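Next come two complexes built around subunit A: one with subunit B, the other with subunit C.
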Partner chain A sequence: MNAADIPILSIMLAIPMVAAALCLFVRAELARPIAVGATLANFILGGVLWISYDPAGAQWQFTESAQLFGPIGWKLGIDGISLTLIMLSVFLMPICIGASWNSIQKRVGEYMAAFLLMETLMIGVFAAQDLLLFYIFFEAGLIPMYLIIGIWGGQDRIYASYKFFLYTLLGSVVMLIAMLWMIQFAGTADIPNLLNTDFPVQAQTLLWLAFFASFAVKMPMWPVHTWLPDAHVQAPTAGSVILAGVLLKMGGYGFLRFSLPMFPEASANFIPLVFGLSMVAVVYTSLVALVQQDMKKLIAYSSVAHMAIVTVGLFTFNQQGIEGAIIVMLSHGLVSGALFLCVGVIYDRLHTREISRYGGISVNMPKYALLFMLFTMASVGLPGTSGFVGEFLSLAGSYKVSTWATLIATTGIILGAGYMLYLYRRIAFGPQVNADAAAMQDIGGREMWLLAPIAIVVLWMGVYPETFLAPIRRDVATIVDRIERAAPAGDSKLMAVDPTTARFRVAHEPKKDVAEGSH
Partner chain B sequence: MELNASLSLVRPEIILSFSALALLLLAAWMDQAGRLISILAVAALGAAAALTVSLLGSGSSASAFDGLMVNDAFGNFSKLLIYIAAAVSLTIAPRFLEKAGAMRAEYPVLIVLSCIGMGVMVSATDLISLYIGLELQSLSAYVLASFVRSDGRSAEAGLKYFVLGGLASGMLLFGASLVYGFAGSTNFAAIGLAMDKEVGLGLIFGIVFILSGLAFKISAAPFHMWTPDVYEGAPTPVTAFFASAPKVAAIALLMRIVLEAFGSQVLVWQQIIIAVALMSIIIGAVGAIGQQNLKRLMAYSSINNVGFILIGLATGTEQGIAAMLVYLTIYVAMTFGGFVCLMQLKDKDGNYREEFSDIAGLSKTRPGLAAAFAIFMFSLAGIPPLFGFWGKLVVFNAAVAAGLLPLAVIGISASVIGAFYYLKVVKVMYFDDAVDVIAESDDKVLVWTGGILAAANSPLGYFAIPVLGVWTAVAAKALF
Partner chain C sequence: MTSIHIIVFLPLLAALVAGLGQRFIGAVASKTITTAGLFTASLLSWPIFIGFLNGSETAYVAPVMNWVQSGDLSFDWELRVDALTAVMLVVITTVSALVHLYSWGYMEEDPDQPRFFAYLSLFTFAMLMLVTANNLVQMFFGWEGVGLASYLLIGFWYKKPSANAAAIKAFVVNRVGDLGFMLGIFGVFWLFGTVSIPDILAAAPDKVGSSIGFLGFRVDTMSLLCILLFIGAMGKSAQLGLHTWLPDAMEGPTPVSALIHAATMVTAGVFMVCRLSPLFETSQFALDVVTIVGATTAIFAATVGLVQTDIKRVIAYSTCSQLGYMFFAAGTGAYGAAMFHLFTHAFFKALLFLGAGSVIHAMHHEQDMRYYGGLRKHIPLTFWAMMAGTLAITGVGIVGVGGFAGFYSKDAIIEAAFASHSTFHMYAFGIGVLAALLTSFYSWRLMFLTFFGTPRWAQSEHIQHAMHDHGDHDAHAHDHAHDAHGDGTAGYHPHESPLPMLIPLGVLTLGAVFAGFVFHGGFIEAETGKAFWANSTLFFNEHLMHAMHEVPLWVKLSSTVAMLTGLLVAYLMYQQSKDAPQRLASAFAPLYRFFLNKWYFDELYEAVFVRPAFWLGRLFWKQGDIGIIDRFGPNGSAAVVSFGSKLAVKMQSGYLYTYALVMLLGLVTAVSWMMVRT
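Take a look at the complex of A and B:
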């Protein structure tokens, strides 16, 4: 690894932190460029990370280790899964800052500081290799998000901020006890070591439930999803983007990093629970989304439905399903982030989230209508967009495990098409009944700069997903190998040899890398 | 043992005793010397603290006065914490007391006297010396609580504290007499030997009474009722003092007596400690929710925190004791920080304000103060990455290591209830509309103390973990 000497991950953590401290002490006119500069610098570093990451190299790359805080080791390192999620974070961050450029006018310095702090913590979650360090980053994110919702949120922001904070805190404190037990059992807090520790099967059940309590709330899974619509609706646009784009992914990342490889037997035993909750979530939240009058609430409920497809994919115990789940996470991060930005664009003009206050705006906002349609289609899962790739893979994977769960979860795509197209029709098409909506300006340069990059990546992921699959393939294969011993039998009675899957299982056939490592 | 050798082991107490007497004489001859005497008292505490620091890392322990007291790492660590806390309470007090017209020389003298008592408490290895130390500390504290004589609330607080404290001392003394009667000795080691064989009903009664008396002193539920009233009524610097030094001393004393005297029969007291710990956590958290007065809120917060500290004691292991000492250290920093912020809440006429409604929108008018206050609140709630999280983590880690999983799960879940009211403080300061009653602080000492404590509670505090870990581990070893 060529960049091993430079502690690039520490630098990526430090840049937003320093910028956050600066922003607290400067005027609004200066805080905005500082925030944009810091997030762009981090994005560039992310690019360096992406380029120098070697998909065929060591499992953990860019590792750093220092015993700074006694029992808490400052251990960082990433594998392909972390890499993609870090990229998602650093990609969305400058867009969030840009989206808040004009819409945030009060306490700008503090706002930017909270967002930059959030970025440090998000990167930290995905890069931490010490269990306690992970927990610190994971939990610490509550504080800036609490402030973002509470200070810059909408009408009911205080209720929403409390609910967000206490719900997620209650979910994760029990996980801390489980972590302490694990550290004592294994004698180390080092995540790579813990990944290869076999915990006793009886203990796994309790540990799995403790982790589940935390990640299910974060994800969020039905029935503990109720904090999400409130938090989304009340948060400022950029807050919603980060919440949907990255924070929800921490739940999926947690399942992938901890629950599955550390407690394979327990995970297998709890498949019915996870699939059951996911099936309910897909159908129930999709139907709820269908009747929403509030744009943000609708997208929030659609998030819950999409995350349910992620949980289905993760607990398939096979390569396709897990890869699919990761791609859904990335895709949903981009698409729902973009959808919230789209809502933000018209909210900035009309200051209402009520769907019926708009209508026919494709006449006066053609560019906006085009982009909005692209993201709508990506959310539905139209082939050629990122949504299709992920959902197809994870549902194809889950078919091997449970045909029923797949059947129900797939209705989510149909229902998704229902509520998203209905939303699009009510906003963009039809007669222009509201004069003020008809008089809105089309999107300007700044807004174009925010939405166009996401649109490009969404299409890229849809047309050539290999770029995003290459870095994660080997790491997913490692997890699949690890949990193979507990893999469920499945009820679909597939043929003995599945040529497509075999071809993509490169973990045992390194020579295939020539064709596939070309990201 | 030779008297000289014994005397050399209690040098910090001797220094403080002579200083207290000298300062009292000085006060008799000089009018309006409150500030000067405060400075001299801080110097005396500093000298005493310096003597304890040198012994922190060493595991040596020496018994003095035929087993009445001991000089060991545990006592020295506790004393260092107590002296520092007392010195801080002296430093932040003058302006507050001057405003109340009560900056008299007795304030530093009483604090120094109380420190002598606390020093005896944490190094006592005999029920007699324990009681002498406890009473010396308590009597000074009763006077301190009613120090602003002209204020009705302060006088009421002192009286309440005195009556209820007297009751608790009586219970403790009754328990001590039972233990003496059934174990045949007042010495901790001898009691421990007697308990090795067989524990009769009389001895158990004695232990229960001693623990009840001490639970009162550390304001653990169900003996916590005095705390909110006394905290609210006493002058704020005195409240800060009550919440820190005497609490450290009483908890250290509890640790020593439980482990050295009753250590061989863990099952006898463990369930009591678990019950008291959980009750304190829950009552402290639930009781705080309805409070409108910030000092009362801090009182419930201290009840809540004592519950978490006691979880470490419930384990009865060396790791648990070390964890308690870590938590105590962080707790002192957090709670002092909270009170230092409270003391800066002055309106434009210079009156001290302490209601929730006064700090509405504080982040707009006094951003620095609000940020510091928010740091202390999140730290008290134990939210990472603030340093308060580390205290909770080590205590729960010890509980998990000792196999007390249900206790750990219930305790940490109850901490979420506590988070609610800490969040409320942040919510009022950051989310509500500004009322603009709080004026710019004119007391540089408070601003600086607050700043330093906020930095200590921020993630910067994590750099102290290695040193703290070594010292507390050595200190905990001394009890086993």
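Take a look at the complex of A and C:
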């Protein structure tokens, strides 16, 4: 059977949808197995997708097309970049359901339905080939997230969901207007067609800013990041996993799918803005992470710092930078997801996120301590873990564009080590000052099944990233080719000097080269 | 699959089995597997080294697996075997195997031994990956891997807050160096389009004299790249400025100090400079920086080592100082001598640390030398081992005849510095001699305070503890703690260490005595050295090695004179006179305090980096995020849209509906607008 003949993407969208509808009408005891079954089925389909995807084949594969109502077309199709992000989503979903198995006791059916609906929308975002269809998936994906935070969240869930709302609303409205203008200009809402449309340079600036307003919030970039710590803190564990794991990747995906290839000139012009905000984000949010007393807030702030590496990588306009940014997105999805699960494990036992309430739990939870250490190290980008490959490639790419941005962004490896090891020390090391923390049980079978698969993929991606680079290589090259005409020159500019006159030439360096370096 | 694969991956396998499988196989099996793995690796390593020495081996690269391929950047997992690797292989596997064995005795009472042995083997694997790297990124992998193992082992006793603090400090300070290393790799990739070491070294001479933009400045290309990479080396090898983590690392168990913080990991920076020596040779400026940093570290650490009272800290500063020697040797062009000192130092410094461990073991965890004294008679084997180590580090020998290991390697460095033509070679030479004097002084001070004189154990809290614990079992001994014996022993009887600890001491003693005599030909003699190093990336300056032998006799004698002077002063101060140290300390009180407080580096960094980081973090959080962004952002807009929050409180998901409504309205508008148009 040829996988291309069956509408596999539509099936992957339909399964969670149907399961979500079912969950609404059954008891909790039934809703959980239905959710697990549906997400596992989608994970298996994702595997089929992965195996049948041909990295050397057509750019868009598994394409489907049907006319919906009006100008909105049901057009689906994926390239390698979409494939990896869909895989990330379907990989994390069963884990999220598993993580909610015992900790959610209230309105279980609706909870599962919200998660399943979210899975449909996430896959839809990465698979949509129609601009308006993308918009629907992109914006609607936030609705289940609101519900998850607002209903199953913590003490201040109202404030958190309200902040989330304000930020995202603003961005989405201007993006929609920009999309309408683009459809009108190009005469099509078909994304592959739009990717080959050359928009006038003047229009690009406004269009770029409109998309930026939405994607920067989703990323999130400094200074529109303050919704994230609150949302994370209030969300239940699985909500945080999906938020950090997949929803934050939508901003990066948007930059990659729309901003860069559709508005290359504007993207190039806005490099100073993007790099500037990213540089601030790395230092600023890392320092803020250092002083957090709340585990989830700390990891949320670290996410902002990591996402800044993604934006730096994306706007390097070269193969290493963009591939690196994608790997950082995948890696961060896994690692911060795993870190939130790790927080969830001890939160389930002690019901507090306050770091000082723990301490010395390596003694009573050695298996947990080992896994937590692995994810901590992956978060600080230790070579051999997924975190390193992505960061290294992004920054190697950014060196070609700006040594300043690279220097500042690379300080993240120092600060990251600082706040993560400080966190680890306060939780897992030191004397056992809190009796209740010292009495906690080590992770059991279910929790092991949630964390161990992530651990394996994190190491796999660190040691043999080719598995993940192979499908995206050609598509990144396509983007790089497309935007090459606007690629920045970089500030390293080598000047070959005749050795005999080296001293003279260096002393009389023309001013303009110096000026180039300072953006 | 060749022996190099086994050498490198056997320790990893052993670490995984011991670490993850300890609950199934038990502690003894975990220890046996890791130790046996390392002895196997060591037995396989020596033939490779001997093969390069006698010329029967040639350099090769053994492939392992693809790693990363991204555009024109690609690097693989591969194992490079050449003369330089071979030197490191024998050092790493031999010392590691001996430290594994030693730990059977030293860690005997620890409940967590499998974890300890797993970490040791993991460390060894990472270190082997570092020295077999054929590209800069794999070297960085090993670099960070040893950093992780070092972090885990310094913090091995994780209930101790001081150990945790030291572990974090080691990791973070190393990361500062890694920042330089990473930027260096990026720069190298930018310039050469590759990170493969042989390719870089081949292409480097073409770029001499070129300039490059960096942070808006225009700088000499090769100087920039070399210095960025060297910053990485400074972090790992604890050179001045980035050294602060090394003394604190002594919080880890003593076998760790011997393996990681003396013999192997801290020498990675020296190894890196030697591995990339043809690159450094393209920039005299970078070499000058290496020379100055190395020499200054040598003298700095030696001055601090003079006044420390903790036996491990004395040796730690000694290590720091000896690493400085290796760097200025490299900086003056004597890479062979740098590697030779690395090689001999590994043996005698591991010996000194393990000897110190044996003393600490005998003295019930007391590490303060002020509470030692007279141990010569109680632990004679340890004493003689430490004596061999001291003779080796102080460079005892007779010019033209022969001597202990350090005599060959350290004197070669000092003479090469004199003979070199580099800009700062006389600075390095002068400091080399002066530091040799200080080295001799603090080493003999350690020996006199520990092994000679009369026991001063009675004041030691650890010994008092031991006697109290003992007293619980023995009612007659309850007054021992108050030194009823009046001989300063408090009735405590130190015992010589068990056999697993004594065998490594014995083997390393052989190294400390003979390593210089046996191997100096291969490392530093002009002809044989040239043949040996030809099979590696190390730049062997045979003219300098020739010139080294031609230096005036006074130069050759200077280090011996310095050594004797140091010994004499130490003897007078700590054997003859009883109050000379106190009198000197009060006479030069400011200087004494300056040395005792380690030149106030920790205080400086605390004030300049650590506290401001936390202060800024709080500022950004409270004033930036909450005070400005939220106030004028979401909270501010809420005030404008005043119904917002009230409505939200009343209906939990009020915003949801609003949002969905807005989205839907937008879509409906859009769709109808487009339908009208088409």
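What we mean here is this: the second predicted complex is superposed on the first by the 492 of 519 C-alpha atoms of A that agree within 3 Å, B and C clash if a C-alpha of one lies under 4 Å from a C-alpha of the other, contacts with A are read in each partner's own complex, and residues count from 1 in each chain.
The rule we apply is simple: a contact is a pair of C-beta atoms (placed from the backbone, for glycine too) under 8 Å apart; a residue touches a chain by one contact, two chains touch by 3 or more.
Note that the structure is a prediction, hence the values are computed from the model and not measured.
Chemist: Look at A:Leu132 in the shared chain and tell me whether it touches subunit B only, subunit C only, both, or neither; answer first, second, both or neither.
Modeler: both
Chemist: Looking at A:Val174 after the superposition, I want to know if it touches subunit B, subunit C, both of them or none. Which is it: first, second, both, neither?
Modeler: After superposing on A, A:Val174 lies in contact with subunit B but is clear of subunit C.
Chemist: A:Gln105 contacts which: subunit B (first), subunit C (second), both, neither?
Modeler: A:Gln105: touches no partner chain.
Chemist: Return first, second, both or neither, reflecting whether A:Asn196 touches subunit B, subunit C, both chains, or no partner chain.
Modeler: Once the two structures are laid over each other on A, A:Asn196 reaches no partner at all.
Chemist: In the superposed arrangement, which partner chain does A:Leu421 touch: subunit B (first), subunit C (second), both, or neither?
Modeler: After superposing on A, A:Leu421 lies in contact with subunit C but is clear of subunit B.
Chemist: Based on the superposed arrangement, let me know which partner A:Ala140 touches: subunit B (first), subunit C (second), both, or neither?
Modeler: both
Chemist: Identify the partner contact of A:Tyr162: answer first if only subunit B is touched, second if only subunit C is, both if each is, neither if none is.
Modeler: Both: A:Tyr162 reaches subunit B and subunit C.
Chemist: Using the superposition described at the top, list the residues of subunit A that contact subunit B and also contact subunit C.
Modeler: Residues common to the subunit A contacts of subunit C and of subunit B are 69-72, 132, 135-136, 139-140, 142-143, 146-147, 150-151, 157-158, 161-162, 165-166, 169, 173, 176, 180, 183-184, listed in rising order.
Chemist: Under the stated contact criterion, what part of subunit B meets subunit A in this complex?
Modeler: Going by the criterion above, the answer is residues 363-364, 367, 378, 383-385, 389, 393, 396-397, 400-401, 405, 408-409, 412-413, 415-416, 419-420, 423, 426-427, 430-431, 462-463, 465-466, 469.
Chemist: So in the complex, which bits of subunit A are touching subunit C?
Modeler: 69-72, 132, 135-136, 139-140, 142-143, 146-147, 150-151, 157-158, 161-163, 165-169, 172-173, 176, 179-180, 183-184, 223-224, 226-227, 229, 284-285, 287-292, 318-320, 323-324, 360, 362-363, 377, 382-384, 388-389, 392-393, 395-396, 399-400, 403-404, 406-407, 410-411, 413-415, 417-418, 421-422, 425, 428-432, 463-466, 469, 473, 477, 480, 491-499, 502, 505-506, 509, 513-518
Chemist: Which residues of subunit A touch subunit B in their complex?
Modeler: For this pair, the touching residues of subunit A are 68-72, 107, 110, 132, 135-137, 139-140, 142-143, 146-147, 150-151, 157-158, 161-162, 165-166, 169-170, 173-174, 176-177, 180-181, 183-184.
Chemist: For the complex, which residues does subunit C have touching subunit A?
Modeler: Residues 65-73, 77, 137, 140-141, 143-145, 148, 151, 155, 158-159, 161, 164, 167-168, 171-172, 175-176, 178-179, 182-183, 185-187, 189-191, 207-218, 220-221, 613-614, 616-618, 620-621, 624-625, 629-630, 633-634, 637-638, 644-645, 648-649, 652-653, 655-656, 658-660, 662-663, 666-667, 670-675, 677-678 of subunit C touch subunit A in their complex.
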